[in-house]
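Shared between the two complexes below is subunit A, which has subunit B as its partner in the first and subunit C in the second.
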Partner chain A sequence: MPRYTDVICSFCGTLCDDIEVSVEDNRIVDVKHACRIGTAKFLSSNDLEHRLLKPMVRKNGKLVEVSLEEAIERAAEILKNAVKPLLYGWSSTCCEAQSVGIELAEELGGVIDATVTVCHGPSVLAVHDAGYPGCTLGEVKNRADLIIYWGSNPMHGHPRHLSRYSIFPRGYFRERGQSDRELIVIDVRKTDTAKIANKFVRVNYGEDYELISALRKVVNGGELREESVAGVPKEEIIALAEKMMNCQFGVLFFGMGLTQSYGRHRNIDNAICLVRDLNVHTKFVMQPMRGHYNVVGFSEVLGWQAGFPYAVDFGRGFAWYNPGETTANDVLQRGECDAALVIASDPVSHFPRKSVEHLAKIPLVAIDIHPTPTTQIADVVIPSAIAGIEAEGTAYRMDSVPLRLRKVKEPPEGVLSDEEIMRRLLAKVRGEAPKLEVEAR
Partner chain B sequence: MREVVLTPKEQPPYGLIAECISCDVFAGRSIEEIEALPVYYGNRQGKLGDFFDVAGEPADKAGELRIIIEGDVTKTRWIGRDMSAGEIVIKGSADMYVGAWMSGGRIVVEGDVGTFSGMQMRGGELHVKGSAGDYLGCSYRGEWRGMSGGRIVVEGNAGAEVGQNLNGGRIFVRGSVDTFAGVRMKKGLLVVGSAIDRVGAQMTGGAIVVLNGVQRLLPGFDPAGDVENPEIEGESFEGVFRKYTGDHAERNARGVLYIKV
Partner chain C sequence: MRLILRNGFVYDPLNGINGEKMDICIENGKIVEDVKDAKVIDCSGKVVMPGGVEIHSHIAGGKVNTGRIMRPEDHLKNVMPKTRLTRAANGYSTPSTFLTGYLYAKLGYTTAFTAAMPPLMARHTHEELHDIPMLDKGALTLMGNNWFVMRYLKRGDVELAAAFAAWLLRAAKGYAIKVVNPGGGEAWGWGRDVRNLDDPVPHFDITPREIITGLTRVNEMLSLPHSIHLHANNLGRVGNYLTTLETMELANGTKPARERQVVQLTHVQFHSYGGDSWRTFASEAESIAKAVNSKDNVIVDVGQVVFGDTTTMTADGPMEYYLSSLTGLKWSNRNIELETSPGVTPFIYSKRSPVAAVQWAIGLELALHIKDPLKVLLTTDHPNGAPFFRYPTIIAWLMSSRYREETMKEVHGAAQRNTTLATIDREYDFYEIAAVTRAGQAKSLGLAEKGHLGAGADADVAVYDINPEEVDPSRDYKLVEERFSATSYTIKDGEIVVKDGEIVKVVNGRTLYVDAKVDSELERELERDLDYYFKRFYSVNLANYPVQEVYLTRPTPIEVKTNVR
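What follows is the complex of A and B.
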């Protein structure tokens, strides 16, 4: 029975790298160390009933099974004929597939965007304005004595984040682990992470920006006029600011509660400025709690291939970036794109209704591992192997550390990896035969 | 002044990039040459003549030319980009980036303008009789020096982040503005009718005047007494104004906020 150690879990941005997987007859029979979500993802690869296994093309309004060659030909035809194709998804696949996808977007003169646009896109905009005082998770583990989660609930979203990097582990300078550290949670409701925190600060819904401003005013030596800001009493704000200024190494982890609530990128902008202000007094860093396991990878790959982190329009032959114009939802809601390719994502479930309405009107190519509402309205469906379980690749952890995903079992018969599907699609669009080395792999 | 009249035909749904609609580009070109100027939509390139009927008398110098767009061009972007002289009159509404990087001349829009209009303007005037979208007179992503000169007047309302990173110049919005007006402002003057909240967030300089009240102020603003009929950045205002300084979330902030009582 083959047993794989140090397997990377390809579920969330924590990218745990200590998983042990046992495989018998191409079935995963045991998963050790992973959290419940990660374990479920590994075991789900056994369940062929809920997988996409055959390529499909819509004919007379119905999806019918076809050969891979035909599906790729139809997909290439849709994309080649489009004036403004949108290529969306990317966060739940490996960098190698993303890289070919970006090449395809450039070849087509299309718009490419990833799920960054609906999660930490605002953080990226704020980084443009204020910089990025970040660190690696290893530094947090070894040094941090004050940990703040703001608008993030890792107990549910990133279950092993607390035990691997932030609160519980023993680090080089934090030998006693949890008792050497303090956890503060700032959120609109008492989450399960808040329940284990040393201190929970309840902020009024949509008033995070005001609370950050108040903290900055105190950190910068100003005096608060109000008795309370954003529902937090003045004394509590002053005590919180002092705690932040007097720690040895503080880290602010922030999540969707900050990036997608009222204020969006300005919340992050202000939070980055708070961290900058705190560095006058002590060492302080911040870190976005990235969701999908390789959402950081997309920004890295697009960064080195096109110079921008997301939402790039190649329409004029060069990369043009301006979220608000080139982001997937803006392009869809204004009805600008006339074809779309969705890979490793399910926008029909998660996008606003107006975006989905346009997506339903235009020819759509979907590449995914299992049926989703997006594959159901698609005109071409191509099944793919699960990256990190059935295919190798590279993924970036939430702190931008690249890790190599491992292959532990074979994909279902005839199912290719995202990378190879993208290569074949690119070759078809260019009118070339697929390269032999790719065939052999 | 000579006039070139552009009558819009059908607009492509993909958005039309027509940065050639500028007096500087039209100057010294014949009607045929103007018709042949490149425009872009999606991954295609076309000619201005494909989407507009061009008529009138062209001029040799930009300053002697007025371009009139007869009707709505709600899918056309970048009108008057980088323009340094002359006049554009849009007798309808336009899409994003009207007058971006403009350094002189005048653009009058009788309808509305889209997001990012007047982006990083350096001079000239943009007059909008309707309403403006978000990011009026803003800076491009990551650029900390926004609009640095000129004047934007909007008779209707404007969206969020009006005058973001404002670094000189003047913006007047008669109606209401959405959140974060004058965010990260450094210099210049921003006058708005009414505002919701977060006015002057992270501002370090310049002045903001609110004529019809703001619903909520940031904790970074400290009151500095009342002033009567003040002169602010060379403009006179009538009435009693409550003066605030801020945003003191920033170190050494020297911004001033006036709210009419």
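What follows is the complex of A and C.
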């Protein structure tokens, strides 16, 4: 029975790399060390009933099974005939597929965007304004004595984040683990993470910006005139600010509670400035809690190839970036794109109705591992292998540490990796004979 | 492909060829004595040099990409739309990977080393190098703040430190030992810095002096192709030249294991500052140059400033923080566990700024005061002093005192008052330009097949449309600047990749890395330590740390026989 160690879990941005997987007859029979979500993802690869297995093309209003060649031919035709196709998704696949996707977007003169656009996009905008003082997660483990989660509930979203990197592990300078550290949670409600915190600060809904400003005021030596800010009493704010200034190594982990609530990128901008202000007094860093396991990878690859982290329009023959104009939802809601390719994502479930309405109107190619509402309305559906289980590739952890995903079992018969599908699609669009690096099984 | 480059003026300092009219023959990607049935390229009236070798340039990896992502305003200043051959490319101070390759090729460069690779992020660096076309590539690997290195050196175990360095180069697919602000990077883990060679590193009870001398020994024990590549302490601080002079002394008495220096002090322009405050900021380039002239085992690269907007980036985290607190501009930072702490912040070198004017002059002073051009390599520490594609301007300054005077008139008077630049008459010739842009680099890096045009060398050649018999660079400096900006031909591995300043073929270069073997017993001892440390203190497993060869274009290990035990 093959047994794989040091396997990387391709679920969330925590990207745990200590998973042990046992495989028997191409079925995963045991998963060790992973959290419940990760375990479920590994085991789900066994369940072929819930997988896409055959390429499909919509004919007379119905999706019918076709050969892979025909599906790719039809997909290429849709994309080539479009004036401005949108290529969206990318966060749950490897960098190699993303890289070919960017080349395809460039070839087509299309728009490429990833789920960044609806999660930490505001964080990225704030980085354009103020920079980003961060560190790798091992630094937190070894040094941090003050850990803050703001608008983030890792107990549910990133279950092993606390035990691998932040509050529980023993580190070089924190030999006693949890008892050498303090955990503060700032949120609008008492989450399960808040329940284990040394201190929970309840902030009024939509008033995070005010609280950050109040903290900055104290950190910079100002005096608070108000008795309370954002629902937090003055004394509590002063105590919190002093705690932040007097720690040895502090870290602010922030989630969508900060990026997607009222104020958005301005919240993050202000938070970055807070961290910067704190560096006058001590060492302080911050880290967005990225969701999809390779959402960071997309921004990195697009960054080094096109200079921008998401939402790039290649219509002019070079990269044009203007969030609000070139972001997926804006392109859809203006009805600007006339075809779309969606890979490793399900915008029909998650985008606003107006975006989905346009998506339903235009020819749509969907590449995914299992059926989703997006594949259901697609005109071409191509099944793919699960990166990190059935295919190798690169993924970037939330702190931008790159890891090589492993392959522990074969994909279902005839199913190719995202990278290989993209390569064939690109070759077809260019009218080249496909370079068959991997034979279809 | 067989080629003859006919009748050009050849400048090949490593073979002592100074402007002789001769033919260069190429076969199977190599320079050969003679070749039959070859395509002939007429190079009469043109300058022929070996392909340029970039020794220190931040072109790939985490902090470069942080710079790109942090600065969207940088990219539309320099755009090269997609063509049939080339990818859509953009970026000014932080060009995209594709643009980096294309621009270097147009300048006649065929090899480039990225300046600072954190081993934990090595996979990222190699992913970017993979996407840089046109060039042979390598990465200088950060070790000056590495916990293993500091612990081994502290307890005097140089052998184990050497075994670790060899392993790390293999794991990260790195080429040389890079040391950045030794001790300061670790101190930055606590928001602190080290300010002189004997400041103890917090918690590690070791000093920058011990780290530098220790890694120098390690480097020579391993007999690595390149020397240690040292970014000294106190970069960018007023009065730091004393630290630089003291650091140079550390090489005294050490014999190199190969025919090269023992230490390359990098971007010394940033380390040659006198005065005691920004008001009295002045050049000490002459003192530094004097020290370099008197030593036979130290070389430097310049780190020249060219006026304009750029993005500074270095593994010297405390320095980037300090700089951003001076300018108030945006600031990124990423402490990397057990290894280093890079930072990024934009900077504008304004002609009206007294400090920038002096910085500009210092770089040129260094290049002109140091007598042996093989000991002073031309870099801008891209993009810290300026983007690398400003090299032609610097070449023109070096070749023309008149051009320097013209520029001097445009910049703040401090350049005249607080430096010696205005008093220097020296003008480089083409031979010296070839030395400071390719020959010296190849020699320093231990690349026997690069930086020259002798038989057996890689057929990497640059042809510039300048007729040395007709052009007087001293007067025609604008022409020199223009012609060095775009080659008539760039030849990579025997293929024409640039013609008349345009990319005509896109190729992928080699990735060079060092594979140094040490005694197997020592290796086992090291493995026990690696195992212990990775389990406890890294956030990734040891098995997931080494970079797989699949990330490298044309992987080319340089096997090294070491003297360790």
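Throughout what follows, the second predicted complex is superposed on the first by the 435 of 441 C-alpha atoms of A that agree within 3 Å, B and C clash if a C-alpha of one lies under 4 Å from a C-alpha of the other, contacts with A are read in each partner's own complex, and residues count from 1 in each chain.
In this text, contacts are C-beta pairs under 8 Å (C-beta built on N, C-alpha and C of every residue); 3 or more make two chains touch, one makes a residue touch a chain.
Being a predicted model, the structure only gives us computed values, none of them experimental.
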{"item": "Clash or fit (per the criteria above) of subunit B with subunit C on subunit A", "value": "fit"}
{"item": "Subunit A: partner with more touched residues, subunit B or subunit C", "value": "C"}
{"item": "Subunit B versus subunit C as contact partner of A:Arg216, first or second or both or neither", "value": "first"}
{"item": "Touching partner for A:Thr136 - first (subunit B), second (subunit C), both, neither", "value": "second"}
{"item": "Contacts of A:Val229 with subunit B and subunit C, given as first, second, both or neither", "value": "first"}
{"item": "Partner chain(s) touched by A:Arg164 [first = subunit B, second = subunit C, both, neither]", "value": "second"}
{"item": "Which of subunit B and subunit C A:Arg316 touches, first, second, both or neither", "value": "both"}
{"item": "Inter-centroid angle subunit B-subunit A-subunit C after superposition on A [Cα, multiple of 10°]", "value": "80"}
{"item": "First, second, both or neither for A:Lys195, with subunit B first and subunit C second", "value": "neither"}
{"item": "Contacts of A:Leu108 with subunit B and subunit C, given as first, second, both or neither", "value": "first"}
{"item": "A:His128 touches, of subunit B and subunit C: first, second, both or neither?", "value": "both"}
{"item": "Partner chain in contact with A:Asp18 - subunit B first, subunit C second, else both or neither", "value": "second"}
{"item": "Superposed arrangement (fit on chain A Cα atoms) - minimum subunit B/subunit C Cα distance in Å", "value": "6"}
{"item": "Where subunit A meets both subunit C and subunit B, residue numbers", "value": "128-129, 314, 316, 321"}
{"item": "Residue ranges of subunit C touching subunit A (in the complex, touch as defined)", "value": "60, 62, 64-66, 68-75, 79-82, 87-91, 94, 96-98, 120-121, 123-124, 127-128, 131, 147, 188-191, 203, 321, 324, 330-338, 341, 344-345, 536-541, 543-544, 548, 551"}
{"item": "Interface residues, subunit A side, partner subunit C - complex", "value": "5-6, 8, 17-18, 95, 99, 103, 106, 124, 127-139, 141-143, 164-165, 170-173, 248-249, 276, 279, 282-285, 299-301, 303-309, 314, 316-319, 321, 394, 396, 399-404"}
{"item": "In the complex with subunit A, residue positions of subunit B that touch it", "value": "12-15, 17, 40-44, 96, 115-116, 134-135, 140-142, 144, 179-180, 183-184, 198, 201-202, 218-220, 222, 247-251"}
{"item": "Partner subunit B, residues of subunit A touching it in the complex", "value": "82-84, 108-110, 125, 128-129, 209-210, 212-214, 216-217, 220, 222, 224-226, 229, 262-263, 266, 269-270, 273, 277, 314-316, 321-325, 334-338"}
